[in-house]
Amino acid sequence: MTHAALSRDEMEQYLDEIFPEIHQGGRTLFIEAVGHGTCRVRMKHHPKNLRPGGTISGPAMMSLADFALYVAVLSVVGRVPLAVTTNLSINFLRKPETGDIVSETRLLKAGKRLCVGEVSLFSEGSDEPVAHVTGTYSVPPGERS
Amino acid sequence: MTHAALSRDEMEQYLDEIFPEIHQGGRTLFIEAVGHGTCRVRMKHHPKNLRPGGTISGPAMMSLADFALYVAVLSVVGRVPLAVTTNLSINFLRKPETGDIVSETRLLKAGKRLCVGEVSLFSEGSDEPVAHVTGTYSVPPGERS
Amino acid sequence: MTHAALSRDEMEQYLDEIFPEIHQGGRTLFIEAVGHGTCRVRMKHHPKNLRPGGTISGPAMMSLADFALYVAVLSVVGRVPLAVTTNLSINFLRKPETGDIVSETRLLKAGKRLCVGEVSLFSEGSDEPVAHVTGTYSVPPGERS
Amino acid sequence: MTHAALSRDEMEQYLDEIFPEIHQGGRTLFIEAVGHGTCRVRMKHHPKNLRPGGTISGPAMMSLADFALYVAVLSVVGRVPLAVTTNLSINFLRKPETGDIVSETRLLKAGKRLCVGEVSLFSEGSDEPVAHVTGTYSVPPGERS
């Protein structure tokens, strides 16, 4: 089994350094586990992520998925600040519960230039996904650590 | 030519009423024009929408596109609070300039149950899109005004 | 555990009846297993599905995925001839080997009006997917058996 | 205004040479016009492209869109046999009429490594699209003519 290029702690430290903006308005994204091409990321319940009626907003779920895919990419290619999302497609499946959202991510491909992955989002404690995302990151040539 | 179900002013008033959360952290989304199945929406430059290096974040662009699609749906079906996004797919094309993002939206289909549209996002003053979005809204039966 | 609405044999018989066109040019799609919201479908190697160099064509993989999603939908809702694809999104991940393509499908949501699923496609004997598909079927109201 | 890298006649000749498989079962795809990053391609009515009830099959429309995107890519980058589709997303909007399908394609981005475009498909004589496609081609480095 291949190890992750960065441990959970290294990942968190690296992202805090290059990505401080994601915690604006309050820290809500927490990396819980990292493997080689996989991760579990939690989005803590927070008013900034809500829609009318108290449900989690679509853009908040997209932010979570985009972040989780980036973590999974870094877990394979190492510290690459300039990887960028080229495509992200989300299906909203069910109304989320009030509370945390937990995401499970795995890369379907970790190529030299493109990494493709999928993210399933769950309301905590439920095993039926509230949303499903596929996305592609482009990794600049010569940038892998 | 068919008129929009809501004028620009009616649209803005209606969305402020049912969607106050979108202005959290500062009002950045401004509806500039509304037609039948079309709209132009501007996202004002604001620190809350930035990524490292000062570029506009992907989730901020997704929020803009999701909002603009909702405006275009309402322009056809009228006041329907319960329309929900079922699918949203975004291609990121170019690095945005620092500044406002202007979006142009048109519905490709306005069906009884599903509305599908596309959104092109531009850095102000440029005619090459920074991102392109297609999305689907589900409209509840019997909800059209 | 919930049973499939149709057994593998019933499914095959039903699809041959309502969908004879898919076997035009030679039968290549074979349903190997059906569960409640899941299925395994094989596309046999056949010249009609090739691209230059002997690799499987993209449209052939899209056909397989669309068919497999339909089988998974029928496994939940029963005999519904009028279910239609509303959205299909495919990521091509690796060059397929010459030979059969095996697909694994599961529904992420089986709603009253919309069913959403994902399909992973593999070259036989490999566990790295050659393509990944998400798709949505719209099920007409009052059509469920 | 920039000229297309290949004229309509050069394009047709080149594709016949590297892609003879697409005409298997009868020639149905006809390039009608080519510009720099744009094209119009017609799919002639043919039994091999039908679904039950005489409507055009989804996979036939996906084939048309994939082919049209490839033509638009070649119109910018020239003769590049190894460009491959990495992502294709289709929204089916309306039931097509019996008859030809006409497609209009334009590239949204023609980058050094990735080309992204959109395709609108119409039943001949109608101005409401039956389907809309976005897709990405990956162009191998050093392959541009």
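Labels for the chains are A, B, C and D, by order of writing; each one numbers its residues from 1.
The criterion applied here is as follows: a contact is a pair of C-beta atoms (placed from the backbone, for glycine too) under 8 Å apart; a residue touches a chain by one contact, two chains touch by 3 or more.
All values reported here derive from a predicted model rather than from experimental measurement.
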Most distant chain from subunit A by Cα centroid
D
Looking only at C-beta pairs that count as contacts, which pair of chains has more of them, B-D or C-D?
C-D
Report the inter-chain centroid distance for subunit A and subunit D in whole angstrom, where each centroid is the mean of the CA atoms.
34
Intercentroid distance (Cα basis), subunit D paired with subunit B, Å
28
Taking each chain's centre as the mean of its CA atoms, how far is subunit C from subunit D in angstrom?
24
Two-or-more-chain contact residues of subunit B, please, as numbers and ranges.
86-87, 89, 91, 136
In their shared complex, subunit C is touched by residues of subunit A numbered 89, 91, 93-94, 108-109, 116, 118, 120, 128-129, 132, 134, 136
For the complex, which residues does subunit C have touching subunit D?
18-21, 24-25, 47-48, 50-52, 57-59, 62-63, 66, 81, 84-92
Spell out the part of subunit A that touches subunit D in their complex, as residue ranges.
86-87, 89, 113-114, 136, 138, 141
